[in-house]
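In the two complexes that follow, chain A is the common piece, with chain B as its partner first and chain C second.
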Partner chain A sequence: MNVYVTGIGVVSALGIGVAANQDALASGRTGIVSCETRKGPKLKGCLSLSDEVLKSRLGLELSAQVPRTAMLAMLAAEEALGDTVMHTDIRSGFINGTTTGGMDLSEAYFSALYLEEDDSEMVKLLTHDLGTVTQLVNQRLGFTNYVNTLSTACSSAANAIMLGARMIKAGMIDRVLVGGVDALTDFTVDGFGSLMIYDSEHCRPFDEERVGLNLGEGAGFLLIENDKSLAQSQNKVLARCAGWANANDAYHQTGTSPEGNGAALAMIEALKVAQLTPSAIDYLNAHGTATKNNDNSELSAIDRVFEGVDVDFSSTKANTGHTLAAAGGIEAVYGIMSILTGAVFPNLNWKNKMLSSDRKPVLTYTKKEINAVMSNSFGFGGNSTSLIFTKA
Partner chain B sequence: MRRVFIKSAVSISVLDSFLQEDLSQLSESPNGAWTLKEPNYRDYVAPAMLRRASKMMKMSLASSQTALEQSGIQSPDSIIVGTGLGGMTDTVKFLEGSIRAEEGSLIAPGAFIQSGHNSVSGQIALLLKNQQYNMTHVQKGLSFEYALLDAMLRVKEGDDAVLLGAVDEKIGVLDQLAERMTWPEDMRRQLSEGCSFFVVEGEAATGVEIVEVKISKTEDLLSNLDRLLESHSLNLTDSVQNFVGYSELPKADLPFAHQVYTDRVGRYFSSSAFGFHLASDTLKHQGKPGDFATVIHFSDLQFSSIMLLRRV
Partner chain C sequence: MSQQVCHIKWNADGLIVDGQQADLLPHEGGLKELLAAYYKSLGLNYPKFHKMDNLSKLGVLGVAMLSAQYDLSAYADDAIAMHFQNASASLDTDWVHQQNINEGKAASPANFVYTLPNIVLGEIAIRNKWYGENLFVVADSFDLERWMKTNQVLFDQNKAEAVLGGWVEVLEEKFELELYFVVKQ
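Let's turn to the complex of A and B:
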């Protein structure tokens, strides 16, 4: 059973929509800027539109309780869905990957409670949980057969894409909107700060001198369909979702093994599902968070899986920041943009080759024929996912 | 398509359910006393882990380990968990630390690490050194059902055995929220917590089969129930028992015989896993081949679910 990608939608610090993100990636622009926080300036990949502006753009009441996460998801989901309309004969679903959910509003309540002893805004907790955020988004989309949320840290959206593809392949569903979202929150910025892996300068993926990540926010969604759904929607096929796999590193709660065992297993299995050899991959959009640990283990895994193959790879985290649960969705969209435009996106801020490997990332926007793209996403809990998209 | 069976089941709840052979024989908890009946975690969790683990993690480690032991499976082909709220204790703990911290001060990362929704599935993999498929589903009252659907798909894709869990913990903030939002009395009074783990497997000669799991719009739940049973040539009145639960909805007057499991263990997002366990034990101990039971879960205004189990 073929799994067709027929719609893509993206929001990131680079802007709203596929076109804005394509322009920024092609010109090597970053969306990471210094933002004022209660605890001083922080470099973050923030979409430069306030909640109020987003509400008005989405036609929501200013007083409506809608977490920022839900609004970012609505923008990307609606772009991916395009003009596709629901049909009673087509079993349709929505799978969202997220970790922050309504945390932006929850922390506003708890901040008022702890800092000002004001507990009047407790109603803000009603949109805390992830499933509620997914249902808020779905109220605009109208899926009825299957509406689900996955949360596996930074691989959440990639896993949502994989689950949708598996369900189509197994004949459980005809059409699924898949991807993920996370908004910036103090909770996650402080969380990665507490782990001592938040770079106070611009992050440097795959550079020997890298010290950590910058967080970002955004959403990325794909519309995927089977033949039956395609016949009804008449959507144009942009690419195929050809390979997917999830494996566990089973090494440490947050860190990854030096050899990148989980990452290697996921990449090998995804290639097997896609029935492709490593040399068939024209571009690898790496997880590449720019932490010492991730890039070291990911590159070790790439060295093993792509032994003897000089694969073009880059991380786009220096453009967008690490968007956590959304990363796998945003980067899947970037992978499909790579296929559609025949181009490899550059890895910013790279100067020094890592000592552990002979590989270096692609540094300039490079046009070439792209037939197959691999996208990696790894998260806490050892969660390792690899996806492969191929030309339509 | 491969059929899917329940190999083992373990639940921790406000009833004395842990290590009980047959949940259908459990005596009721004292009226209104929703206190979790916890096992001695020292028998299941290593001392270093015990000190830092939340209630959610401890429940999950004890239940998952026991479910694996009872199944005779050492390392499953997949680990799949459903949780409606995830690690609330650690989430609120880290939030407070983060909010109260001054600029430049250090915050302990422990609670942040544990606050992730997939901390349970990840921790189990880490303890078992299990490198297989690892997933966490988080969809309000249907978190367990979506995890179960994923487990069934994995079996159909070729897995022999899947470790499947459901867990939610209660924290004080939830009681305050229920009070402040003036939720209906039965919902406020029934706020609870619990954990269930199962090993489900492919083809078995005998046992309890998971025939179908259906997500439905809540308004169509009863018509979909009729349609689902009809498609298997079954009649609701012939079931061994119909187990009904409620998450965010008030109790309904239903035109068929049933038992409300949420009246026994309370309401928590993944409590349908307890209803599922109850249905499985009832069929296993009181059913004869061909008998069936349903678990009907009124989750929220938009979505609900039906699970159909059969004794083989």
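Let's turn to the complex of A and C:
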């Protein structure tokens, strides 16, 4: 059973929509900027539009209680869905990966409570949980057959895509919108800060001198369909979702094994599902968070899986920041943009080759024919996912 | 088809292992101290245990009790799937982390790493060197029949030879573990 990608939508610090993100990636622009916080300035990949502006753009009442997370997801989901209309003969679903849920509003309540002793906004907690964000988005989309929320840390969106693709392959559903979203919160920024892996400067993926990540926010969604759904929607096929795999690294709560065992397992298994050899991968969008641990472990895994193959790879985390649950969705969109435009996106801020490997990432925007891309996403708990997309 | 070979039920009322009921071990203090008492009585030599949050400790101890009852070592490292559920996710630790932020204190990595419920699966996998399927579902309450249905999918697709899991819930001093080991027939 073929799994066709027929719609893509993305929001990140680089802007709203595929076109804005394409322009920024091609020109090597970063969306990571210095933001004021209670604990001083922090570099974050922040979409430079306030909640109020997003509400008016979405046609929501200014007084409506809608977390920023839900709004970012609405923008990307609606772009991916395009003009596709629901049809009673087509079983359709929505699978959303998120970790922060409506926490941005919960924090506004806590901040009022603790700094101003104002407990009047407790109602803000009602949109806290992850599933509520999915429901708020789906109120606008209207999927009925299957709606689910996945949370597996930084591989959430990638796992949502994998679940959707597997459901289509198993004949359980005809059409499904898959991906993920996360907004910036103090909970995550302070948390990663406490792990001493938050770079106070711009992050440097795959550079020997890298010290950590910058967090970002955004959403990325794909519309995927089977043949039956495609015949009804008449959507243009952008790419195929060809391979997927998830493996457990079983090494450390928040780190990955030095050898990248989980990452290697996921990449090998995804290649098997896609029935491709490593040399068939024209571009690898790496997880590449710019932490010491991730990049070391991921590059070891790449060395093993792509032994003897000089694969073009880069991390786009220096453009967007690490968008946590959304990363797998945003980067799946970037992978499909790579296929559609025939280009490999550059890895920013790279200067020094890592000592542990001979490989270096792609540093300039490079045009070439792209038939197959791989996209990696690895999460806390050892949750490692690899996806493969191929030309339509 | 599958067969249930081991069952542990553990909450404030006591501990039942395969139908054998026992009182809780004597301890001074709350849940943390209770879990420490079981760590000691099980003779676990695993210093990482002391860094875990109560949810992970409860899961790790439950699996240690189960493996004392039933030999798990014969299984290949990816043959045992883990499938756990609870109602409060990692809220017990989320709250502590959020409270540090609310009060303007420095966030602690010791808390932050446990602000995801699937970390308990990670801890069990790390301790036992298991690389099989794992799934953590947040649900209002434990429905054994539904839990078994999902396990059956894992068996039917040859994803696992056995499933270990059930209900692992901690919120402040309240805790409840209902652990099952089911094997494919």
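Everything below uses one rule, namely that the second predicted complex is superposed on the first by the 392 of 392 C-alpha atoms of A that agree within 3 Å, B and C clash if a C-alpha of one lies under 4 Å from a C-alpha of the other, contacts with A are read in each partner's own complex, and residues count from 1 in each chain.
Following the convention adopted for this analysis, contacts are C-beta pairs under 8 Å (C-beta built on N, C-alpha and C of every residue); 3 or more make two chains touch, one makes a residue touch a chain.
It should be emphasised that the depicted structure is a prediction, and the values quoted were computed from it without experimental measurement.
Q: Record, for the superposition on chain A, whether partners chain B and chain C clash or fit.
A: Aligned on chain A, chain B and chain C clash with each other.
Q: Could you say whether A:172 touches chain B, chain C, both of them, or neither, answering first, second, both or neither?
A: The answer is first: A:172 touches chain B but not chain C.
Q: Check whether A:386 is in contact with chain B, with chain C, with both or with neither, and answer first, second, both or neither.
A: Neither: A:386 stays clear of chain B and chain C.
Q: Tell me the contact category for A:148 with respect to chain B and chain C: first, second, both or neither.
A: First partner only, chain B.
Q: Which partner reaches more residues of chain A, chain B or chain C?
A: So, of the two partners, B touches more residues of chain A.
Q: I'd like to know which partner A:21 touches here: chain B for first, chain C for second, both or neither.
A: In the superposition, A:21 contacts neither chain B nor chain C.
Q: For A:347, decide between first (touching chain B), second (touching chain C), both and neither.
A: A:347: touches no partner chain.
Q: Once the shared chain is lined up, is A:114 touching chain B (first), chain C (second), both, or neither of them?
A: Both: A:114 reaches chain B and chain C.
Q: Clash with chain C: which of chain B's stretches 79-87, 223-231 or 295-303?
A: After superposing on chain A, the stretch of chain B hitting chain C is 79-87.
Q: Residue by residue on chain A, keep only those touching chain B in one complex and chain C in the other, then list them.
A: 38-39, 99, 106-107, 110-111, 114, 151-153, 186-187, 190-191, 193-195, 247-248, 250-254, 261-262, 265, 380-383
Q: Can you check the complex and tell me which residues of chain A touch chain B?
A: 38-40, 99, 106-107, 110-111, 114-115, 122-123, 125-126, 129-132, 134-135, 144-153, 159, 163, 166-167, 170, 172, 186-187, 190-191, 193-195, 246-254, 261-262, 265, 379-383
Q: Using the touch definition up top, name the residues of chain C that touch chain A in the complex.
A: On the chain C side, the touching residues are 94, 97-98, 100-104, 106-109, 111-116, 118-119, 121-123, 125-126, 129-132, 134.
Q: Note which residues of chain B are touching chain A in the complex, please.
A: 79, 84-86, 92, 94-104, 106-109, 112-113, 115-119, 121-123, 125-126, 128-140, 142-143, 146, 150, 153, 156-157, 173, 176-177, 180-181, 215, 217, 269, 300, 302-303
Q: Where on chain A does chain C make contact in their complex?
A: Per the touch definition, chain A meets chain C at residues 38-39, 99, 106-107, 110-111, 113-114, 151-153, 186-187, 190-196, 247-248, 250-254, 261-262, 265, 380-383.
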